[in-house]
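Both of the next two complexes hold chain A, though its partner changes from chain B to chain C.
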Partner chain A sequence: MRVRPSRQLASNVVALVVMAAAAGLALAAETPDPAADLKAFQNFFTKKFPGVKLEDFVNGPYSMDEDMYRQWEEKEQFPPYEFALEAGKEMFSTPFGNGKTYADCFPNRGIGIRQNYPYFDEKEGKVVTLELALNRCREANGEAPLSYVNDEMASLTAYMAFTSRGKPMDIKVPNDPRALAAYENGKRYFYTRRGQLNFSCASCHVQSPGEHIRAEVLAPALGIVNALPIYRSEWSGMGTTSRRFVTCNSQTRAVPLEPQSDEYRDVEYFLSYVSNGLPISGPGARP
Partner chain B sequence: MTSTIRVRATLNDDITEVQVLIQHPMDTGLVKNANGEIIPAHFIQQLSFQHNGRTVFLADWGPAVSKDPYVRFRFKGANKGDELNIRWVDNTGATDTTTAKIQ
Partner chain C sequence: MSITLNTLVRVLAAMAFASAATPAVAVSEEDFKAAYATAEAAERQAGTLHNQWTTTEATLAASRKAAAAGNFDAAMSQAKEAEALAKASIFQANDEKERWKDVEVR
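Up next is the complex of A and B:
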């Protein structure tokens, strides 16, 4: 009877020590380290697909399937996004009611800057995507914002991506706790399972790229944002990054978020960051 | 507005390969818009390609052809620098034409 309490005390102490150690480990694992994530993320894909060159991942399913690659090469001679590209160029250079244009809102007048989006805005303390910046530009000049999921927005980003083709994605996560939190939030969203099918973004785009989901070949998450916006034959039209996220959510039978909500902005931030160094290839064409 | 027709015609040996992309909604008349109203049928009915006054390709289309249709075909008997006239007519009577040089 006497020994029991002391024994219990001892085991409690052991338990406490174990817990403390575990907490320490968990703490270490949760300190965001984007640079290490990027390395691990890209290593994962290059190891999984040793035959695919790093810069080829931006070609999505085409980099995973030889036959599709040949079809795509042929399609690229006469790409289906051509009309959107032309419309985007025209929209981009057409002045607003007050005489200003989109070019006045962007560094380098909007040409060749796609690789820098999304960026972390230190003033706002949030991630700003290209689509968001375009609508803010419209609003600042007294124009109504465009829908984030329609062809007009996609045409604009198509043009901006086109002028940036080949430039390596160059996303920065500044050493700011809010930026790291946004990055971490995006990462969490990417790996969290949701919806009736209980899929995370990673279930398809990390675990199973190259596999078929019905007739389609899943694209690797690495470089997936570099090809956006995309013309999808399935949609008979263009898709923005927002549209891609919304559709991904609804396809796994999850409730999509509002386009350009904080979480979508953060997940785009994470996904773009880990694709750093891969060339911009948008606008893309997908089946 | 720029032409709704994008065309590329290239000669290899004796064979001219023609690729065309046409911007057209190709509405079937069976689809409703967001307000539940039918989008009226609007589709290309005839597409023709002429080389030196000879029709080398003629298509009678209906509503089953996809939006922004793409066509590719080959024909013999053309020379580099020849002109190829392309024309479509849709069910509303609208039409567009363009001329391409064979390269």
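Up next is the complex of A and C:
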């Protein structure tokens, strides 16, 4: 059959337009959209737990169980993290060898700023967490960095969180391909199954919050970072965000990454961003 | 992919058990070394995928310990098991490269 040149041209143009539209749709589907994720994430939890107020999700397992909530209210009268707050306050105000303090490294002298961490450092092209910023502050002032999983770092971040209590989490993902890639990497890490038990972070904290895993009630992912650092009765002590990630990985029989590795920083960035608007409640106390 | 991780682990573990459980003759040090090197290479590959398992590491350590004690039969069995675990972790990492998107909250 012969096709007239004009009809052939028209059909070619139509095919090109369809292909371009399909490519555009595919590209849109692949481009990270943190604002849409935030909305979907918060909707998911508020629909799953219609009886829980949005701001209460930061109370983790206590928001899922009425009896536990009452126990927690009583526990808060004499909170187990109090000693860490005292220690953190003292560390925060004690000058380094060069006479400077942590306050010299942070906006607003480090008071009431927890809700802005982690942030994306456009110069470095990477995510900077509060724990990382504290150690960078120490190193810039001639001090040795602290362990990311020990009490001293937990005490410092506990004090800084306490000065920020009630402030809404306010994480920015700038329109920078590197920031979007870091955010997406954090999201990927969060949903990826790992370890011999084949669990992802989401297996417990999206698919099963409120359920028991042995004696523990699983916390919702929404607002989970707002309560960090935490005192855990199971640990008989305080735990940093780094310690939380390392422990979660070990519990699924995955070899944990180095604390403050890019992936851990990125997953904290993702989790913090989708908890935007929820109040800082750290330091928290958990069973 | 239709095969699940749990199925794969069972198949690999059964293969490792079958090959290690019925040695016709005592395992030589050379045979152990070859099996251990294979397991270690698989575990390194899992490491490049940022997906090593604690159980693989523990089984490799148990294999080394048995070899150091001169028990090459046990060392070989542990090396084969470690290889199966490492291969399962590699499978998991590759399988999850796109699959995580299926459970994303949208």
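Assume the second predicted complex is superposed on the first by the 260 of 287 C-alpha atoms of A that agree within 3 Å, B and C clash if a C-alpha of one lies under 4 Å from a C-alpha of the other, contacts with A are read in each partner's own complex, and residues count from 1 in each chain.
Assume a residue touches a chain if its C-beta (ideal position, glycine included) is under 8 Å from a C-beta of that chain, and two chains touch if they have at least 3 such contacts.
Computed from a prediction, not measured in an experiment: that's the story for all the values here.
Contacts of A:F92 after superposition: neither chain B nor chain C is touched. In the overlay built on the shared chain, the residue A:Y102 is in contact with neither chain B nor chain C. For chain A, the partner touching the most residues, choosing from chain B and chain C, is C.
In the superposed model, A:F270 makes contact with neither chain B nor chain C. Contacts of A:S250 after superposition on the shared chain: chain C is touched, whereas chain B is not. In the superposition on chain A, no contact is made by A:F162 with either chain B or chain C. When the two complexes are overlaid on their common chain A, residue A:S236 makes contact with chain B while staying clear of chain C. When the two structures are aligned on the shared chain, A:E82 is found in touch with chain B, with no touch to chain C. Against chain C, in their complex, chain A makes its touches with residues 36-37, 40-41, 44, 187-188, 191-196, 198, 200, 202, 206-207, 250, 253-255, 257, 263. Of all the residues in chain A, the ones that touch chain B in their complex are 77-78, 80, 82-83, 86, 236-237. Contact residues on chain B toward chain A in their complex (touch as defined above): 2, 6, 8, 19, 21, 23, 66-68, 70. Taken together, the chain C residues at the contact with chain A in this complex read 5-6, 9, 50-55, 57, 85, 88-89, 92-93, 96, 99-101, 103-106.
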